[in-house]
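Please find the structures below.
Here come two complexes built around subunit A, the first alongside subunit B, the second alongside subunit C.
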Partner chain A sequence: MKMAKYGGWAGKILRVDLTSGRSGTEDTVEKYKEVLGGTGIGYQVLWDEVPAGTKPLDPANKIIFATGPLAGTGAPCNGRTAVTTLWPTCWPKPLVATGHMGGQFAGELKYAGYDGIIIEGRADRPVWLSIINDQVEIKDARSLWGQGIRRTTLEISQQVGPETVVAAIGPAGENLVPMSVVMNSVSHSAGGVGSVLGSKNLKAIAVRGTGSVRIAGNKDEWEKLVKFHLSLLGANNQHVVPNSPQPWAEYYNPATRWVASKGRRWAAANPAIDTGSCDPHELNRLAYRTNNAAFFLGELAWRYTVRGNGCTSCPIRCHTMLRVPSVAAKYGIKEVGQNTCSGLQFGKAFFKNFPDGPRGQTQIEACMVGMNLADDLGIWCNYGQMQRDFQKLYYDGTIKQKLEENEFKSYSWDKYEKGDPSFLFELLPRIAQKQGELATVLGLGTGYVLEKWSLSEEEWKKDRRLMYWKMGHPKHHANEDAGQCGVIINTQYNRDAQNHSHCNFVRNGLPIDVQKGLAREIWGSRDAVDAAGSYTPMNPYKAKMAKWALLRKELHDSLALCNWMGPWVASPLKERGYRGDDTLESMLYSLATGDKKSAEELDLVAERIFVLHRALTIRDMGTKELRTQHDSIPEWVFRDSNDRPVYTKGTIHLDKDDLNLALDMYYEEMDWDKSTGAPSGETYQRLGLAKIADHLGRKGLLPQSRGEGKDVK
Partner chain B sequence: MDEYGGRGEMLEKVIDSLNNELNLSRRQFLKISGISIVGISTLEPFLAGANTKPVIIMEQAEGVVISDPTKCVGCRRCELACTEFNEGKAHPDISRIKVGRNVNYGPKSVYAGEGAQGNWGGGLVVQDLCKQCPHPVPCANACPNDAIVIGPPLNARVVDLDKCIGCKMCLRACPWEMISYDSETNKATKCFLCQGKPKCVEACPASALHYTAWNDYTNKIPPRVVPTSVMPPEKAAACNLCHKK
Partner chain C sequence: MVETKPEDHSPGQMVAHLIRSRSESGELISRGEILRILLDHHLLDGPEEELPDQGETLIEEIMENNADIIKLSAVGEEAHFFSSRFMSEAYARILIQKQSDSLLLIADLVRRNSALYPRPTPLEIFEQVPFDLTKEEVHGCLSQMANGEEYQDIQQTRSSLGNIFLFSTLHLEPEYAAMLAEWVDVGLADNP
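Up next is the complex of A and B:
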């Protein structure tokens, strides 16, 4: 057998045309090495193959499931698959965006021999895609159509085998509800893309792989590197400080997700398991540090915790498996459920109140009912925006005003107001089935809800509690976590920013003085970071941090490392001065693939990928004026409900002029034109994207060339 | 040194472990062995007479990996460590510890219904491990090429890659389905205990695996399958020397 030149990559991309029923493979390294994998491949395919003006549900739209060279290896936190397509909930015009699922899909796809799958066209009847190593078949899915994700997974697994990883859509995706997901391994979803698969009549992708991912470098060096990486891990979101005092710990911080402690038990394990003090040097206790059910739902959740769960290869188990016996009798649902963060709170987040308060039994039951329904019907929450919208629309009377009386009365609003989780059985199936005005509208996503019901986006942008940012999507770690840096990051994408590079640093739990010391080493100055809610005016180091955060996100999404866990620039190790290692990604990449790249060289690849996203956005918006037409900041960022002055301790609001300066500094750091926020021809050239510059130039979508437009300071 | 060049001691150890079940006295055993004690060594088969093929009797292993399913979090880092740190490739399908096959539905697979375990069932993830079986070692005796031998320093039952012809008979013989076939090398592979520092144990982030002194788990952990009878008849005949009353 001829050995491939590079390790890491499986070596092939699978391309499936559902219109013709044909499939074939392409050489990953030959065609996509310069963009690594993941979002890089996704953006590249959309640029090359999906013309501007294509609509998300057109057969001409494509959807790309891509992992990267580290997926399936033993590098920690590599279970990610990026799903790239034209985004159905991006408003007012669908643009490129990505969803990211963990679970077991990425590794299994690599073991089957593929780095990614490009799905194109539309099948003439419901189908599912069976991938068993090099056997690829398009199968009849008519008997699965209409079924939930759980049943679909079971029936496919009965055919292919118990190890099969099935990524499926539920009825929501089938019915082309824009707020829908594709989901694998019980609870791991890529939000927002279900209807794109539904429009292609593709119910599921089932993968089974028995092959391997080769490590190109020396295996003993690889073992050392993996153990080094493990030694730098914190808890979920790379929180490196425990949330309660521990015998080994210099610091603790009640806000972190490192919740393990003696006496806190996975009480629904049989018998119960004490999470213990989890000294960071005990790598055999990594999995006990995190319990996101306890973090999000409170102490009561420990009682119901069976264990942590999560992705293949990840020692940090951010999905928590809960067993809540009362829900079986009360609601007729399975007593075991699992998820994390927004998915965990899907059901709970609809309600304003619960009879026993925000940390009681009922909120946990609402979570169980919500997961049971949403993760089977395949409904997306848009990072909780659907639920925040719902609360607002109900309590301000909009729902009552917009619905016909009969429809309004068909909901048990008394149950809703009381916080009775059984209300979810009335609402969620109707969203998936597009039944009635309310459910149909909610399923559109915020931008289109506002449009359909003639509501003002400005109102959404004023209300901090709604957490709405722009283009139909919410903030995701913005000024509440990282001041100007968080704001810049939230202006850049066509959905919520999904970036954790910055917040995983500023929320890591270390005292601000230690953080500032690390910041000086990483971004050149202690002033790169402020304590959350204790902000200072903009400076160039914050722009450097923003650029770094954005590039690391795209790097992770393309290598298939988890940006919910990385980067690893801080660690729980006192003897290292709490330093992590900013070159970890390049060491892992170089050793796994055999393509030696320094951190700087790899960041340049990440920049290429990120600028590709920018170019796609410019091309499909048909304007280069992104600064004014795309990179917007909602009004709530500039307001404080108590009228405290900006930079006062305790307020997270920021100054408008200062944020203008922030964008100036950011564009400068990115080497983009400041007046438009668009990359210049020279920038594209520098990143090896000259062809893209040519294309945009012909369309008048390049800013003035340098020298004419750029300030010289 | 005894008349068998020290091998008698090893035989005594073997007989001691067999004693309870077979009810043989040491004297009886040595009598039997006296007619056949030709090729016993740590690596060579026990030859049992002119008309029979060798039956393999192995010294007991000294260590074994055991697991606690209630702690397993299903991350499969053990499988990755097993293959990456030993072979330099991530290849869970040939891992010598097997978790992936139980992660979704548990050992009873997709047909378990209400009794399902794993992520889609009640949550329990069972780790499957090699028992380093005492005599008769099913995989070793099934091998037509005597390619499963004991390896130093722990007497782990290991595949001799030079002898293995990739026929997969051993895969069918193991009641716990612990032998893998590596389609990239066309050889069988099984747990060899990593010289007493098993990579899987070291890799578990939930302390769910332990390396311990050998103990006989073959009658404590239920088999996954009824193994296909693959012992060559000539070998089976040799068994009668000890087992036929």
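Up next is the complex of A and C:
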């Protein structure tokens, strides 16, 4: 058998046309090597195959599940699948975006022999896709339609085998609720895409692979590199400092997710496990560092912690598994649940108050009920925006005003106000089933809620507590993380930014002087970063950091590394001066694939991928004026509740003129036209995207000349 | 892990091993305890009245021959030892101050955190390992600090959850400390 030229990639992309029922494969390297995988493949397919003006639920829309060359290898944190499509909640016009799921799907798909799946068309009846190595079958899903994600996963696993990984939608996706997910491995979801799968009548994709991923380079070097990478890992979000004093630690910081400590126990494990002091050199104890339930829900969560759960080849285990016996009797649900971050807090986040306070038993029960319902019905929270909108709309009287009296009275608002988690049984199933005005509207996503109920987006943009940013989506690590850098990043996407490169650095827990020292090495100046809440005016190094953060996110999403963990430019190792290694991705890529690329060369590929996203946005918006029509900043960023001047210590609001300058510097760093915020023909050319420049040029979507900055919208 | 077996080595190596082992467990060891162990195990030779001096000499030699063995002592207190291979100086300082002066322990830590990161310090941390103060002791310290001239820079701020944070006005302005306390206590969970 002839050995593939490159390692890393499985070598094939599976294409499934649900309309015709046909499937086939394409050569990954031949067609997509220049965009690596993941979001790169997703953007490329949408550019090549889905014309502007296509609607998310049209059969002509495609949805691309793509991993990357590092998925399924031994590289840490490689369990990511990017799910790219036209985004149903992007408002007022659907544009390209991606959801990202961890779990075991990416690795299993690689072992089955595929780097990605392109789903197109629409089946004439509910189906599920069975992929067992090279056996691909479209199967009847009528008996699964209407079932929750858990039962669907179970039934398919019983048919195909226990090692099968199932990614499924719930009733929310089936019912074309835009705020819906696809989920694999119990709790690992890609938000926002469930209805696209529902529109194609595709209930689930089940994958079983018995192959392996070939490493092209020397195996000893690979093992050494993987060990090196492991040695640089911190806790979840690459927090490299423990949150309480530990014997070995020079520093500690209560803000980090490195919560392990002697005496802090996974008390619901049998026997209970003491997480211990977790010296960073003890790599076999990496998985004890993180307990996101304890981080988000407080000390009480330790009592209910069974263990951490996570993705293929990731020792971080950020999905904390909880066993809360009281919920079985009280709510009739499973006493075990698991998730992380927003998914963990899905139920809790609907409520303003709980009878026993914000860190008591009831909030934990609300989380358990929320996970049980949302992760079965397949509902998406949009980084908590659904819950923030709900609170706002209830407490300002909008819900009462907009609903018919009968519908309003059909909800137990007294329960809601008291913080009774059983209220979620009234609300969440109705969202998934589109039952009634309130549930249907909430399921649309913020932008369409505003439109449907004739509410002002400007009001959402003024209220910092709502965290709303633009285009129907919230901020995601904006000015609260890295000031101007966070703001720039949040202007760039068509959904919440989902970028962690910058916040993983500024939240890593190290003292500001150490962070500044690292910043000088990475971005050229100590001034690239400020201490939290002690911001300084914009400078070119912050623009460099923003570009770096954006490119690393796209790189991770295309290699199939986790941007919730990377980049690894800081580490817990005192002997390294807390340095990580900014060339880690290129070392892993080069050894795995055999395609030797320096960090700079790989960043150029990442830039190509990111600019492809920009080009798709320009094409589908039909304008090159992205600076004024896309890269907007909500008014709340410029406001301080106590009217303190900008750059005063203790405020994170920023100055409008300074952010105009920030965009100027960022566009310049990206080699984009400052006037429009659009890449120039030369930029596309430099990145090997000349055909895209030609297309956009013909449509009048290339900037004509470089101009001065315009006002921030 | 401390990798050597003490019984295979000289008294000096055994003591170094002991210091490292204690450090790995998060503990200091005092000069007095080291001397007692040496005497109890008959690891020193010579006339009885010379044994304490022999012990002192041995400890000096251990420090000369093992760069990771560090001596630390609070003012007027007995010397303690730790291994920098297994314990940071910051942690060792907490342990040594804990033995001598809780007020200074709290104030030093709060000042250091306020200057270094910068950030306020949650009060609850003093009830946890390695401080292990009781709630009453912590609040007793705060009362004494309020009346002590040398602690007037140590101030309190409260997050919206009602949790108290301490900060030093030498390094943090009150409004800044309040913002940082709210960020740690509430903001991080709301911005996951």
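Simple rule for what comes next: the second predicted complex is superposed on the first by the 704 of 713 C-alpha atoms of A that agree within 3 Å, B and C clash if a C-alpha of one lies under 4 Å from a C-alpha of the other, contacts with A are read in each partner's own complex, and residues count from 1 in each chain.
We take it that a contact is a pair of C-beta atoms (placed from the backbone, for glycine too) under 8 Å apart; a residue touches a chain by one contact, two chains touch by 3 or more.
The structure presented is a predicted model; accordingly, all values stated were derived computationally and were not measured.
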Combined model on subunit A: subunit C and subunit B, fit or clash: fit
First, second, both or neither for A:S244, with subunit B first and subunit C second: second
First, second, both or neither for A:P59, with subunit B first and subunit C second: neither
Which superposed partner A:S342 touches (first subunit B, second subunit C, both, neither): second
Contacts of A:G146 with subunit B and subunit C, given as first, second, both or neither: neither
Touched partner set for A:P358, first subunit B, second subunit C, both or neither: second
First (subunit B), second (subunit C), both or neither touched by A:I512: second
Touched partner set for A:G436, first subunit B, second subunit C, both or neither: neither
Winner by number of subunit A residues touched, once subunit B and subunit C are compared: B
Superposition-derived minimum Cα distance between subunit C and subunit B (Å): 14
Touching both subunit B and subunit C, residues of subunit A: none
Interface residues, subunit B side, partner subunit A - complex: 70-77, 80-81, 83-94, 100-101, 103-105, 109-111, 119-123, 183-184, 202-207
Residue ranges of subunit C touching subunit A (in the complex, touch as defined): 23-26, 86-91, 94, 116-119, 121-122, 125, 128-130, 161, 173, 175-180, 183-184, 187-192
Contact footprint of subunit B on subunit A as seen in their complex: 1, 72-74, 104, 107, 110-111, 150, 153-154, 157-158, 161-164, 185-186, 209-215, 218-220, 222-223, 226, 269-271, 273, 283-288, 306-315, 317, 321, 323, 336, 338
Subunit C partner contacts - residues on subunit A that touch it in the complex: 244-251, 253-255, 261-263, 277, 295-296, 341-342, 345, 358-359, 384, 467, 477, 480-481, 507, 511-513, 531-534, 574, 642, 644, 648-652
